[in-house]
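Both complexes below contain chain A, partnered by chain B and then by chain C.
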Partner chain A sequence: MSAAAAKASPFESAPLLRSRRLWIDSLMHKNHFELFGLPERFAIDLQALDQLYRKIQGEVHPDRFAAGSSAERLKSMQLATAANEAYQTLKNPTSRARHLLQLKGVETEEDSNTAMPADFLMLQMEWREAIEEAVAASDIDALDELLSETRKTTRQLQQQLHAQLDEADATLAAAETVRKLSFIDKVQADIGHAISKLQDA
Partner chain B sequence: MALLQIAEPGMSTAPHQHKLAIGIDLGTTNSLVATVRSGMSTVLHDKEGHALLPSVVHYREDGGIDVGYVAQAQQSLDPHNTIISAKRFMGRGLKDVGDTVQLPYQFIDTPGMVQIQTRAGIKSPVEISAEILKVLKQRAEHALGGELAGAVITVPAYFDDAQRQATKDAARLAGLNVLRLLNEPTAAAVAYGLDNAAEGVYVIYDLGGGTFDVSVLRLSKGVFEVLATNGDSALGGDDFDRRIFCWILEQAKLAPISPEDTRQLLTKSREAKEWLTDHAEARITSLLKNGELVDLTLTSSKLKELTQHLIAKTLAPIKKALRDAGLSIEDVKGVVMVGGATRMPQVRHAVAEFFGQDPLTNLDPDKVVALGAAIQANVLAGNRGEDDLLLLDVIPLSLGLETMGGLAERIIPRNATLPVARAQDFTTFKDGQTAMSIHVVQGERELVSDCRSLARFELRGIPPMAAGAARIRVTFQVDADGLLSVSAREQTSGVEAHIVVKPSYGLSEDEIINMLETSFKSAETDKQARALQEARVDSQRLLEAITAALAKDGALLSEKEKQIIVEKMQALAELAKTENHHAIHDAVEALNLATEEFAARRMDASVRQVLAGQDLKTLEL
Partner chain C sequence: MAYSDKVLDHYENPRNVGSLDKNDPHVGTGMVGAPACGDVMKLQIKVNDSGIIEDAKFKTYGCGSAIASSSLVTEWLKGKSLDEAAQIKNSAIAEELALPPVKIHCSVLAEDAIKAAVADLKSKQSDKEVA
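For the complex of A and B:
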């Protein structure tokens, strides 16, 4: 820490923050499907989403109002921010499913509910061990292979979500699938970090 | 009342007036200004016909200030007072600047941003950059023959919040209305994409004088979507010069040399580097102050060997950006080279080898950023043509907060599309805790001490509660310029604190105002005149914007609602003729407030229209 930062910090003695995670889409209280006029389903037309997103940004983006009144600029920033949030939420299958469940009044409780079927936990442990081994051996190829293996599982789980959410109304089962996907997203992020660390070295 | 007639719906609007808007590439080594004329983006030249303005500022003995080539000629003669590459110090503390030994400046380690002692006094990098911007502004006003509506200023994509804020401050000091800060690779993509009708994924490799950026973009039908960006804001052509300089010292076995000789040898190094772009070897000769003669020959293969590690340093960020974008090398349709340093054959070879395809070099790498910035400035000023150009850019570095144990908690991840807002809830740690310190940081590292500290503020007045009972929501909002504002609010009591991130790095509002006053010689009448001028410009802009909005979408208002707005406009138009800048300012605010609902309805209507083909029940934006 620089001397400047230390000096500018009369709060050093104040107790530090403790964090409590809050999922953002619940924060916004918005129905992201409605924003794009898309049906509330897990299986969505991603191409249509892309196009609609661009069309909406074409109308509301702050660049369209750089010469506008400050009321327009403020409103434009709010709408463009909402469009970005909605687009990112719907584009990613895990967050799309989480959002869909929230609209149905079901929280996915990824932070509090860590109970998982034994076979899934085993798979987790195998992957974690494989990552450690690959990192120890500086084996980027092995990490890449592991990444595609996890992606296969991801696709299977997404198929399940489609069945659970669109064909049945199995919301509690779907919530568990979302929790599994969150787990795998973390594993994939860790593999990504491990690869970039090895690449940098 | 002519103004109000055109606001009536159904009547023809005033003939479209072309606004004068410019794009400025404020570079480490050279700066440029460009504008769109007759639909073509063109770089503006000085009286001698130069497009480039060397980013060099010389504080003369007689109190005058030279910028550009004249200043550059002084760099070896008067190194302490001739500042080059000031961009490297923007928003940077002394420890960030790093290798200051080879720089002939007397640095002053002021909190937040380093400053330089010159004969004209202590100068902040912001003030030095403002001198460069002033010259470009004059050049543009002279060439275009009128008042500028605004400017787009480019910044390296990898610039953090402090560096962006410093750039915006410099523009303000130079008296420019900043329409937008635009990332350099994105600007280059605009110039390149529009010229070549490009579609697909493109990588922009931008190696400038002092910064390296890589951006991965998807281009499709006039939409430029940045997927990921990465880089090194302290790597550029200057580093290649310094490698050659070190080689010279080593080869010629030189003892420590004077600042004048250092500057001269660095210039010789740069010339040798440039010469080797088209030649196999370069002769370096220089007579030092002590009579010693340097006479060396540098071959292109030696240069390649000396700078190999610098080129390798540019490849890691490319890999990271592609990974963040979820793409591999095969997905890349083209690689655009930007920045003077990409002229070096070894750079082009390395990039070609990495991507398995020859990079695109059909636009002048020195000019492409300014050309793109001018196109965007033209769009932002409201000279919207047929082509619906839209830029969707990202934030380069994650933003977060300090949490327990000195750890950084990420709130907004890097490569989030702008504008973006995120919120997270925090709680108190101790029973009865009534204040909470909020430390905003930027960077990818886990430890706060490895990240850049952007600001600290405190939320006070939290009602005493048991530990963990308070619910403090911290909201980050990053605007289209990539600049952050943070607010914190205790949810149960409604206690609120808000800051636009600025304090710990960058200049305070007071410092800026002081500099503005100094630069305007500070006579009270001057200040009044300036305030009046600014208020009038503001009111003119607002009246024009609302007139245009009423002409287009007046039907969205009832007659009564319209009447209220028209009355406020009349009041403002009348006041703008007076000398009372406070009253004008208040009337501007009143009109802004009166048109909030109108602005919201207009935007909802345009979104509805876009979704017209969709099966849309309700639209709740």
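For the complex of A and C:
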């Protein structure tokens, strides 16, 4: 045991350990928003999320449970894992919307729903063709430009999600917006790969 | 991932890549996409006056399995009636190409593209009858 952990920490006294244990129990099996005490909305205060995440990670640090039972240590570890998963999910707008929809009982069906608006699919085709052409011409500027164009669409879709989820209860429309964002995430990743490949060449 | 020989064959020598005139009343266009992997597939069929598919073209952006699935169905579609075309099942595509479980959704995409193209053509034809 390290010197710091051996020093009687106030957290390791029996009553405090008990209150910490109860606190952990109260956070088990909460959804990602409840875990941080944040409202179940698409619009989120990312700074607050960061702070709340760091606070929980500090509270469940293994050192604090050095004197606890193995069951308590296991629980604190489970909470640390849950907090990490919740943080990653809420930080990313697409996965945050997907989680919100799941809480409302709506699946986003990104694996099975292939019907998308024709104009959106046309745009996807055009972007894919533009990537191919830019790669063939080793045109990094064109790829950069395409990337900012896709980011503009991403921002528009995120604004739509805010309207669909926070201002209305348009869950099916929001599920389609998530599918669109999922598409664009993939396109952006592909453009990123194409750019780094050209830079390495 | 190891692709089967048939997937590789279609991927390296895709059949019937291209476009048909989407405004032609004899042409049906189906466009579908797979959000999870970002694949986009456009499938077009052209029927003759007796309703038999005489030409099929595709354009697919996606992995080898998605390209092979669409290339394969363009071959299968020629000579079929619309009803026969709509009966093509993704399981048959997956079996022919020996797709692994993680690539089954590529064959689903091809099946959905056929259905969308047939539906587009049927709606064009019923519009014409009404007019």
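The rule we apply is simple: the second predicted complex is superposed on the first by the 157 of 201 C-alpha atoms of A that agree within 3 Å, B and C clash if a C-alpha of one lies under 4 Å from a C-alpha of the other, contacts with A are read in each partner's own complex, and residues count from 1 in each chain.
By definition in this document, contacts are C-beta pairs under 8 Å (C-beta built on N, C-alpha and C of every residue); 3 or more make two chains touch, one makes a residue touch a chain.
As the structure is a prediction and not an experimental result, all values here were calculated from the model.
> After the superposition on A, what does A:K152 contact: first (chain B), second (chain C), both or neither?
Neither: A:K152 stays clear of chain B and chain C.
> Mind working out whether A:L35 is in touch with chain B, chain C, both or neither, as first, second, both or neither?
first
> Which partner, chain B or chain C, touches the larger number of chain A residues?
Result: the larger residue contact count on chain A belongs to B.
> From the superposed pair, tell me which chain A residues show up as contacts to chain B and also as contacts to chain C.
In chain A, nothing is touched by chain B and also by chain C.
> If you look only at chain A, which of its residues touch chain B in the complex?
Per the stated touch rule, the residues are 1-5, 7-9, 11, 14-22, 24, 27, 30-31, 34-39, 52, 54-63, 66-72, 74-77, 79-82, 84-85, 87-88, 192, 195-196, 199-200.
> Quick check: in the complex, which residue numbers of chain B touch chain A?
Counting only chain B, the residues touching chain A are 19, 93, 95, 109-112, 149-150, 179-180, 220, 223, 225, 316, 319-320, 323, 376, 379-382, 388, 390-392, 401-406, 409, 416-430, 433, 435-439, 449, 453, 456, 458, 468, 477, 479-480, 503-504, 541-542, 544-546, 549, 591-593, 595-596, 598-600, 602-603, 606-607, 609-611, 614-621.
> Going by the contact rule at the top, pick out the chain A residues touching chain C in the complex.
108, 110-116, 118, 120-122, 124-125, 128, 178-180, 182-183, 185-187, 190
> Would you mind writing out the residues of chain C in touch with chain A in their complex?
Checking each residue of chain C against chain A gives 31-38, 40, 42, 59, 61, 105, 108-109, 112-113, 116.
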